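Labels run A, B and C following the written order; every chain starts at residue 1.
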Amino acid sequence: MSQSVDTDLPVTGNVIEARDLRVWYGTDRGPVRAVDGVSFDIRPGEILGLVGESGCGKSTLGRGLLGLLPDGAEMDGELRFEGQDLLALSKKELFARRGAHLGMIFQEPLTRLNPLMRVSEHFRETLRTHHQGMDKAEIDRRALEVLRQMGIPPTRYRAYPHEFSGGMRQRIMIGLALVLKPPFVVADEPTTALDVLVEAQIIRILHDLREQSDTSLLLITHNLGIIAEACDRVAVMYAGRIVEIGEARSVFAQPQHPYTRELLRSTISLSTTGLNYIPGAPPDLVEPPSGCHFHPRCPDAMSICATRAPVDRVHANGTRAECWAADRAEGLLGDLPPSDLAPLTREEISDADEA
Amino acid sequence: MASASGSLPRYIVQRLLLIIPMVWVLITMVFILLRVAPGDPVSAAVGDKLSTEALDARRAALGLDRPMLTQYFDYLGSVVQFDFGKTISDNQPITDVIKNNGGATLSLTLGAILIALLVGIPLGLVAGRRRDTGTDVVIRLFGIVSYAAPVFWTGLMLRNLVAPTGWPSYEIASPITKFQVEPVTHILILDSILAGDTDAFLDVLQHHVLPCLVLGLLLAGVLIRLVRVNLLQTLQDDYVEAARARGIPERYVVRRHAFRNALVPVITVIGLQVALALGGAVLTEATFSWPGLGTKLIDYLTARDYAAVQGIITFFAIAVVLISILVDILNAIVDPRVRY
Amino acid sequence: MFGRLLAPIRQTTGAARWILLTGLLITAIYVILALFAPWIAPYDFNQRGIDGAKFTKFAAPSGDHWFGVNDQFYDVLSRCIWGARTGLHVVALSVVLSLVIGVPLGVVSGFIGGWLDRLLVFVMDALYAFPSLLLAIVFAFLLRGPLGGGVVAAALSLTVIYIPQYFRVVRNTTVSAREATYVEAARAIGAKNGTIMRRYLFGNVIQSVPVIGTLNAADAMGTLAALGFLGLGIQPNEAAEWGYDLSRALDDPSGVWWTGFYPGMAIVLLITGLTLIGEGLNETINPTLRKRRLRKVVLPPRHTTPTTVEGEAR
């Protein structure tokens, strides 16, 4: 039975509502537009997958949601958590939400636990911070319960982090994040550093969250297989923008955006006979390509793609995507001059450019 | 897997076994170095005082006419039995020299290390916490200057400063105290406690203040920089960020995760500090006419007494090795990862 | 190679940069004093009087003698300036010697490995663990006989102490670089061991040498002063030496503070200057300590995209 999460959900019912989020970093060359206008919703108990190449900004987005950005980063837009605008809060108020309301699961489990502290001490510290006055017995009971769900036996409760393998440490981290029963958790590539078998176990655990609680999860990954396994909905990110978002099944069955299509084609399975890849390299986020950021690498690019940014639209199968080619396929671009719709001529991407 | 992480007793035994090869290397080095010098030890030390026959007799007595290798093994053999031989210039067993003067050097060094820890660690932590602020710069500068200033200069300046006040800046105690207190451990400050003589104890303590302060500041300088750098690196560690992400308040994160983890390597550093302290102690003793092994070493150096120099340096080598092993063991107690 | 070295320096923020520049400035002043001592110093380092008249012993600082006169009738200011020459001479010589012996030894040992490597590491570790001053004392003691009390003897006494530092760092860098793929590739195309060491490993290793070198120089300066203080440094009739002057100042009557203060200050400032260079370099070269210069970014006003959130029909 699902444990209820004690929050007050506002009228819209969404745990997270993001509108036009931007996260830019300052550098000597100019601002890096890591996240450049991203909007999405997450419902209670839902798992939203966020997928994209390395450097597309998904990790930045995940961290931004929790306010874990490094110095020099600026974030703006609207970010509502249970109805409240997080960006309007003071730093202190935002920090107060961490842990009990907004949880985080990091990528590198090997270094995320304090080597001088036992696992039990990690739990005690976490629980005491958020539930002052909770007695030792109750703390241990809660911790052991969540560890049991993660598959860690109670005999290991007082052990030190270095006595555990990477997969077990990640499970402890997940346990630490969940023991506070936050309504929303960001998992930033939780299995990238782990081998495939362990990865399967972890994904199973995350997937089962749905049955066990109302916790919503933003699962960031570059692995489409994980999305298919565990996520209800998926958002595809490219060069700081969400290019397609919708129900996982719909997106996989009928990808609207050429990037999504190429990503799906390049996954390898037992039936793969030839390797597909997307030519070119991820774009420079200081000066992204004009118009649609994907146009230099897009097989379906038209002239208009290089000049005007595409409009976000909901498509026939219910997914939302921003792509001129997809709009054209649905017959929406009738009033544009044919020159705009001509295929884009561009130089062959030479191998050197990929560097 | 057992709940005890690693085997502490086994680790201790491993480290203790290392003493032997390490000391052996140092002793051999000292032996070689001192034999490499031209001329022979006896004439260098007492050449002008004795006749040729007496010199030859002395040489034979010290075994200096035997082949080098025999001398070497003889020496090793006696060291193992804690017999460091006799001095040439005043014919004293070196073990006696060590016994009578080692205590003063010990109390000086320990006092200095204590001051270094009390001053260096907090300042280093503060500097690391407030990186690149005015406080940080001042503390770092203090650390650098503390180490740059030679002990004999700081000591001299302090001696000049306190001269008008009458605060003791010379020797380890007044002559009366030295006469009255019974040498049990040969560590004067301990002996005064054992004798129950409060006046004597206070007198000795007073005499310790300036030298320990001077040497302690030198050590503190190094410690400050080390602690600061460790803290800076620890603050960037992944588990610190993870703790913040769980909503642990910053002050707890800094105290429990950063400070504690940053100080663990400091224990190893204290071991290195002992080496530094011994060198500084020799200089401090010269500045304050402190009756320790350092002063004796200098006296024997001036007298060109090879045997005495060899014996005292060998003793220092053994002391350094023992302390570093001790520090390793301490480290293993504090840091569970090390025991594997 | 210089380009690679200098690039991170330009990226540093306030504190590290100032530290480096201050250190360079102080050291530069000393270098100038050392190089031009014969013209800058008012008197010679062992000059006891002028025009037949002896200086007044223990004369307090005045117009004639800015830093006063010491117990040997020497002008303290001149001794300080000449001391800079001696000090930098000895230290430069010893650092270069330590480098020239320690670095190649480290590269060879790290690259070849085997029993030679293990033996050297053991010996170097033992040397490193031993109090450096005591080692210097032993060497100075030994070299006094054959080499006299000049600059070379002093420099050699210092050289031995610092070889282990270079050796260790260089050896460890070499060992980790040795397994790198580019070295494997070089071997695959038939490069000889010597070539590999020279061309590939040396460059990597060079990075850490400046930091160690300057901190080394700072330490060596202190050790030289200590040796001088103990009477094991430069003979007083060969050159001026700050440590020696301090040893004599120890017995000066109370109230005569200038004989000890100024030579000591000279030591403190030079060592501080050298250390500042080392620390400044360390902050710039060591990536974990480096703080990137951050630019403030201002976001242009938001375009609210006329978007529909999923679930709403268009």
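Note that a residue touches a chain if its C-beta (ideal position, glycine included) is under 8 Å from a C-beta of that chain, and two chains touch if they have at least 3 such contacts.
Since the structure is predicted, the reported quantities are computational estimates derived from the model, not experimental observations.
Top-ranked chain pair, ordered by C-beta pairs in contact, is B-C. Ranked by separation of Cα centres from subunit C, the top chain is A.
For the pair subunit A and subunit B, the distance between mean C-alpha positions equals 56 Å.
With centres defined as mean CA coordinates, subunit C is found 24 Å away from subunit B. Centre-to-centre spacing of subunit A and subunit C amounts to 50 Å, using the average Cα coordinate of each chain.
Across the interface of their complex, subunit C is touched by residues 21-22, 25-26, 29-30, 33-34, 36-39, 131-132, 136-137, 140, 144-145, 147-150, 152-153, 156-157, 160, 163, 225, 229, 232-233, 236, 272, 275-276, 278-280, 282-283, 286-287, 297-298, 301-302, 309, 313, 316-317, 320-321, 324 of subunit B. By the touch rule above, subunit C contacts subunit B in their complex via residues 13-15, 122-123, 126-127, 129-134, 137-139, 141-142, 145-146, 218, 222, 225-226, 229-232, 243, 246-247, 249-250, 254, 257, 260-261, 263-264, 267-269, 271-272, 275-276, 279, 288-289, 291. Interface of subunit A with subunit B (complex): residues 66, 68, 95-100, 103-104, 106, 108, 111-117, 125-126, 129-130, 155-156, 158-160, 162-163, 173, 176-177, 180. On subunit B, the positions that touch subunit A within their shared complex are 1, 3, 5, 237-239, 241-250, 252, 256-257, 260-261, 264, 334-337, 340.
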